[in-house]
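The two complexes that follow have subunit A in common; it is paired with subunit B in the first and with subunit C in the second.
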Partner chain A sequence: MSSLIFQELARAAANFLSGLPQPLKDFILFLHSDAFIKAIIFPGLLFILTFVMFTIWFERKLLARVMVRLGPLHVGKYAGLLQLVADAVKLLSKELIVPEKAIKPLYVSMPILCCTLSMLTFAFLPLGPGWVIYPSDISLLLVFVMLAITPITILVAGWASRSKYSFIGMVRFAFQVFSYEVPFFLAIAGVTLAARSFNLEKIVEAQAGLPFIIPALLGFIVFLITAIAEVERVPFDLPTAEQELVSGWQTEYTGAYFALFYLAAYIKLDVIAILTTLLFLGGWHGPLIPNIPESILGHFWLILKSLIVVFLVLLLRGVFPRITLDKLLDLGWRVLIPLSLLNLLIVAILIQIGLL
Partner chain B sequence: MLFRGEGVEVVKEKVKSLEVYEAGPMLTFSMGPQHPGTGHFRMIITVVGDTVVRCDPDPGFVHRGEEKLCEYKTWITNIPHLERPAILDAAGMIYPYVLAVERLMDIEPPERAKYLRVIMAELQRICSHLYWLGLMGVFAGHATIYMWCFGDREYLVDLTQLIGGQRITHSYFVPGGVRNDAPSKVPKELVKDFRRYYRMMLGKDYPGGEVPEDFRKYVLAVCEFFDTRLDEYYPMLLDSPLFIYRTRGVGILKREDAISLGVVGPVLRGSGVKSDTRIDEPYDAYPYLKFNVPTMDGCDSYSRIMVGYYEMRESVRIIKQAVEQMPEGPVKLKQHPVTIKVPAGEVFASAEAARGQCSYYIRSDGTDKPYRVKICSPSFRNLIAIPHLIKDVRIADIPIIYWSLNYWPVECDR
Partner chain C sequence: MSVDAFLMFVVVAFLVSLLFVLLGMLLSHRREKRTKVLTFECGQKPFEWPTLQFPIQYFPYLIIYVVYAVIAILILISLFYVFEIPDALMKITIFLAILTFSSIFLSMNLKRLVQKI
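What follows is the complex of A and B.
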């Protein structure tokens, strides 16, 4: 009986669709398509926003625990879960101030660009076998293109603000990019060598037996340190060091512009966490768990591993003071580059003797 | 967009205004008075690249005219407002004033009052130093130690409130004693709260289960607890390699420079000079108590902050001894009316405040109001070290050096 009703309904829907004009029909089919669901729901927008909101809430609660305070408590039913929504409403309701001497078109467009580019990175990150918005053979390179472009928006934002503190913060950020970018890319070389591919899905498949953290441990350490510098977290938050430069390159940004930069920073943090999982921690591979259905097991492991990386990165903020610029350059050029080259050598030798 | 159909002169003007950064290799910017790294105070910094070549301190944003105000208020009503320049260290700020007035009136407070004053002064010293240490963490980009220090400070402030009736600025000292005696029993809620906090921080119950309600024993318990907490600060911040890298060898004030610039307090002792008013010119109960004056030979920011850290240890020692030795008896000679008359004459008195030696010069003409009051506060004497130290350093070192001097703009401006 019920199946008959469904058949009837499906026929009615098909009739309704065929009666519609062609563009509308295409649009409805598009909403129903695989690509749209991927882009908007799972590896896409909704997932990103949920993950970022969770990260921010988690950071506040975790740091509160470290510092023996309570953290957000009142907004939302449980433990201040909706505090971020309240913050967002407050920031968005503020007046949009553009400084008099700022270069307005650049000043206004950079936060939007920064946020968009950071989000675009998710298009190339597979969050499960086949769960990627834009499948590509060079997805790792595409991710790095995105990660390498976002600093430019920040540099332009600092320059377009036309403020002295923004200027100093921007110069600091430029130095920071100089010091971490080279070891960052070198640390990846070992992984691509071991997997013999730039495709992130193939890299994860290559780790089915052994995660790359074991043969490329040095690469993992270098990658994690440089990744923290990439997302400007403590101890590498010197471009926005509050006690030195008010707020560094984002001094002049308020309201919605600031919210966009804030969002972009946390999106980048999550990108880095997922990327670390994909490259070194075996991605979605993990032992079977009885109560979790197999269809979401891969996602479960991937997200769990990424959360562990996020936890590590967040914890650093409670433990370390800020580093200085000369120490950062020293670390980048004298320690991390040799280490990443050594890592490359080790991986090459392992491949040569047939262990990888 | 910029050159929309205007004359050459206007365009030239506009191009010039575009260069917000002054032409040439130098960049001058103002650090403060609205800056997270300074407070009510401004430094005009000139940098070449990342190196500071010049620093002009610009105090005076919080000048309150305390010295002039003293001439319009009576000897007793001067006490509350004289505490305001350094509210975290009210006892240290008012101590020399009370000593000076006592010297003019030629009176001596009772023994119990002397001990109570010492306890109060040392409690305030610890509170002030905790603020210093906590903010030092923040200035180095380390927020955790700030929260820890402020959490622990709460129980010492509660002690202050118990004795003096106010968390800060208690106006506890009066010429000829203290305002009131310490209570013999501690309120139950406070004891309960302290027990909860003890368990939370140290992960175990208070030894023996019950925290004593007797005042003497409660103070000892808090001191013991605070001593344990000081042990935990050391690995968290002071022994952290990054913090040592940030502070050691930064802002070196040589022994000779420290003496010739005339700095006082932890800044002087951090340069290896053993100078402390409590030892050099002992007053009140200090001669009866045993304590060390910590000094460090490093002469840098790290030495200064470590001197502050060890001073908290010594203050705990002093409080423990004072509470145990404190005799029974009256706490003031007599209740003065607000309009006491002080014999004519002039006097100079100094005491060791948290930030260093605080001195008062007072002249009386025999009426109920002072003729002149001049204050020489420790921050005022340490101010001169700022342009001396912030030179040829990196921008990142400015907050570290500035805060290692424990400079308090309000105290300096008076």
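What follows is the complex of A and C.
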């Protein structure tokens, strides 16, 4: 019965298309093409923006609940869902000020570059079997490259502002990022050794039976801590510590430039959440659910798991105070690097015994 | 086809970021004022700040960074070796064991290193 209806619909659509003029037909076919759907709709732009908007709304609502407040309430029909749109309009209507001491070309171009680069990380993350914008055999390394390039734009932005608060924030950021990149990388190496591939899709396929969080638990802990430090969330938000350094490296930025940095920070947070899901929590594998069709089951599990990771990361902001720089460096060099190496050794021994 | 999607995504990501700035220029009003373009200073008069300052007490960490970045790359190359030749895993395991226990030893001694320098 339903297949008959589909056939009828397809015939009607074909009739409709053949009646249209050629340019319009080409345009409709272009909207239907694989490239367009991937780049603009699902793993691409619209999905990223929706996910980021939801993350920011969720953070404000969650923090409000932690502090026994109500949070955003009035804008939008339900629970201040459109608060973010109102904030964006407000930020865009603010004056764009370039300080007279700042190095103008760098100061102006860095927010655009930062947002673009952090959005490009999504191109290498598979959000389902085959649902990736740029399929590659070394996609994990490409994601790492993008995550390692983005901080450089922030360093340049902090330096080009020529303000003492920006400068102190930038130096702190440099210490934090460069000391946490090494354990981050080593924790990823443990997963690649277990899956014997740098392809993220193959890594997820290798977790069909057992998610890597169980053999590589140490790696998961190290990865999550370093990832939180990479995206400057509390308790590692030293570079943008409001109470000490006005707003850290983004002190001088206003209006649309600030909005871009804000957006980039949350895009990075979502990248980290999805990457954690792909590497350690089994990606799109999960038990069947009766009412959800199988075609979107994988996406459903992936997004659900990454939302749980986002929830954990956001909750830290309501729970923990900020740590100091020497403790942060101590944790990075003295605890996380030996732990990540130990994790790598455990994985190698497990493979040697034949358990993985 | 996949490269096509990637190119489109790169262009769109750049255009969206650019659109933000253009919208900001379009929607915002502009009123020149001397105090607006001054460097931010918490309500005080801005004073000179030496541009390059570096907290020297963290210098040991920089040296360790140089060492460990190289080690991380070494581990990566050895991982490629394991993908190609699965029998090589034994050597890699020994290498990792030496590295792990030396790093644990180092981290136990590092606590005193910072105060020394």
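To be clear about the criterion, the second predicted complex is superposed on the first by the 324 of 356 C-alpha atoms of A that agree within 3 Å, B and C clash if a C-alpha of one lies under 4 Å from a C-alpha of the other, contacts with A are read in each partner's own complex, and residues count from 1 in each chain.
Quick note on the criterion: a residue touches a chain if its C-beta (ideal position, glycine included) is under 8 Å from a C-beta of that chain, and two chains touch if they have at least 3 such contacts.
It should be emphasised that the depicted structure is a prediction, and the values quoted were computed from it without experimental measurement.
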* To do: Look at A:165 in the shared chain and tell me whether it touches subunit B only, subunit C only, both, or neither; answer first, second, both or neither.
  => both
* **Per-residue touch tally on subunit A - higher for subunit B or for subunit C** => C
* Between subunit B (first) and subunit C (second), which, if any, makes contact with A:11: first, second, both or neither? -> neither
* To do: For A:95, decide between first (touching subunit B), second (touching subunit C), both and neither.
  => second
* Asked: Just subunit B (first), just subunit C (second), both, or neither: which does A:69 touch?
  -> first
* To do: Look at A:260 in the shared chain and tell me whether it touches subunit B only, subunit C only, both, or neither; answer first, second, both or neither.
  => second
* Asked: Where does A:246 make contact in the superposed view: on subunit B (first), on subunit C (second), on both, or on neither?
  -> both
* Asked: Between subunit B (first) and subunit C (second), which, if any, makes contact with A:237: first, second, both or neither?
  -> first
* In the superposed arrangement, what residues of subunit A touch both subunit B and subunit C? -> 101, 162-165, 167, 246, 325-326
* To do: Under the touch definition given earlier, write down the residues of subunit A that touch subunit C in their complex.
  => 34-36, 38-40, 44-45, 89, 91-101, 108, 111-113, 115-116, 119-120, 122-123, 133-135, 162-165, 167, 171, 175, 178-179, 182, 185-186, 189, 192-193, 196-197, 246, 251-252, 255-257, 259-260, 263, 325-326, 329-330, 333-335, 337-338, 341-342, 344-345, 348-349, 351-352
* Asked: Considering the complex alone, what residue numbers of subunit A touch subunit B?
  -> 63, 66-69, 101, 105, 162-165, 167-168, 234-235, 237-238, 241-246, 317-327
* To do: Could you please specify the touching residues of subunit C with respect to subunit A in the complex?
  => 1-6, 8-10, 12-14, 16-18, 20-21, 23-25, 27-31, 36-40, 42, 49, 51, 53-55, 57-58, 61, 64-65, 68-69, 72, 75-76, 79, 82-83, 89-90, 92-93, 96-97, 99-100, 103-104, 107, 110-111, 114
* Taking the complex as given, what residues does subunit B use to touch subunit A? -> 1, 17-18, 20-21, 27, 29, 35-37, 47, 50, 137-144, 146-148, 151, 200-201, 237, 240, 242-243, 245-246, 394-399
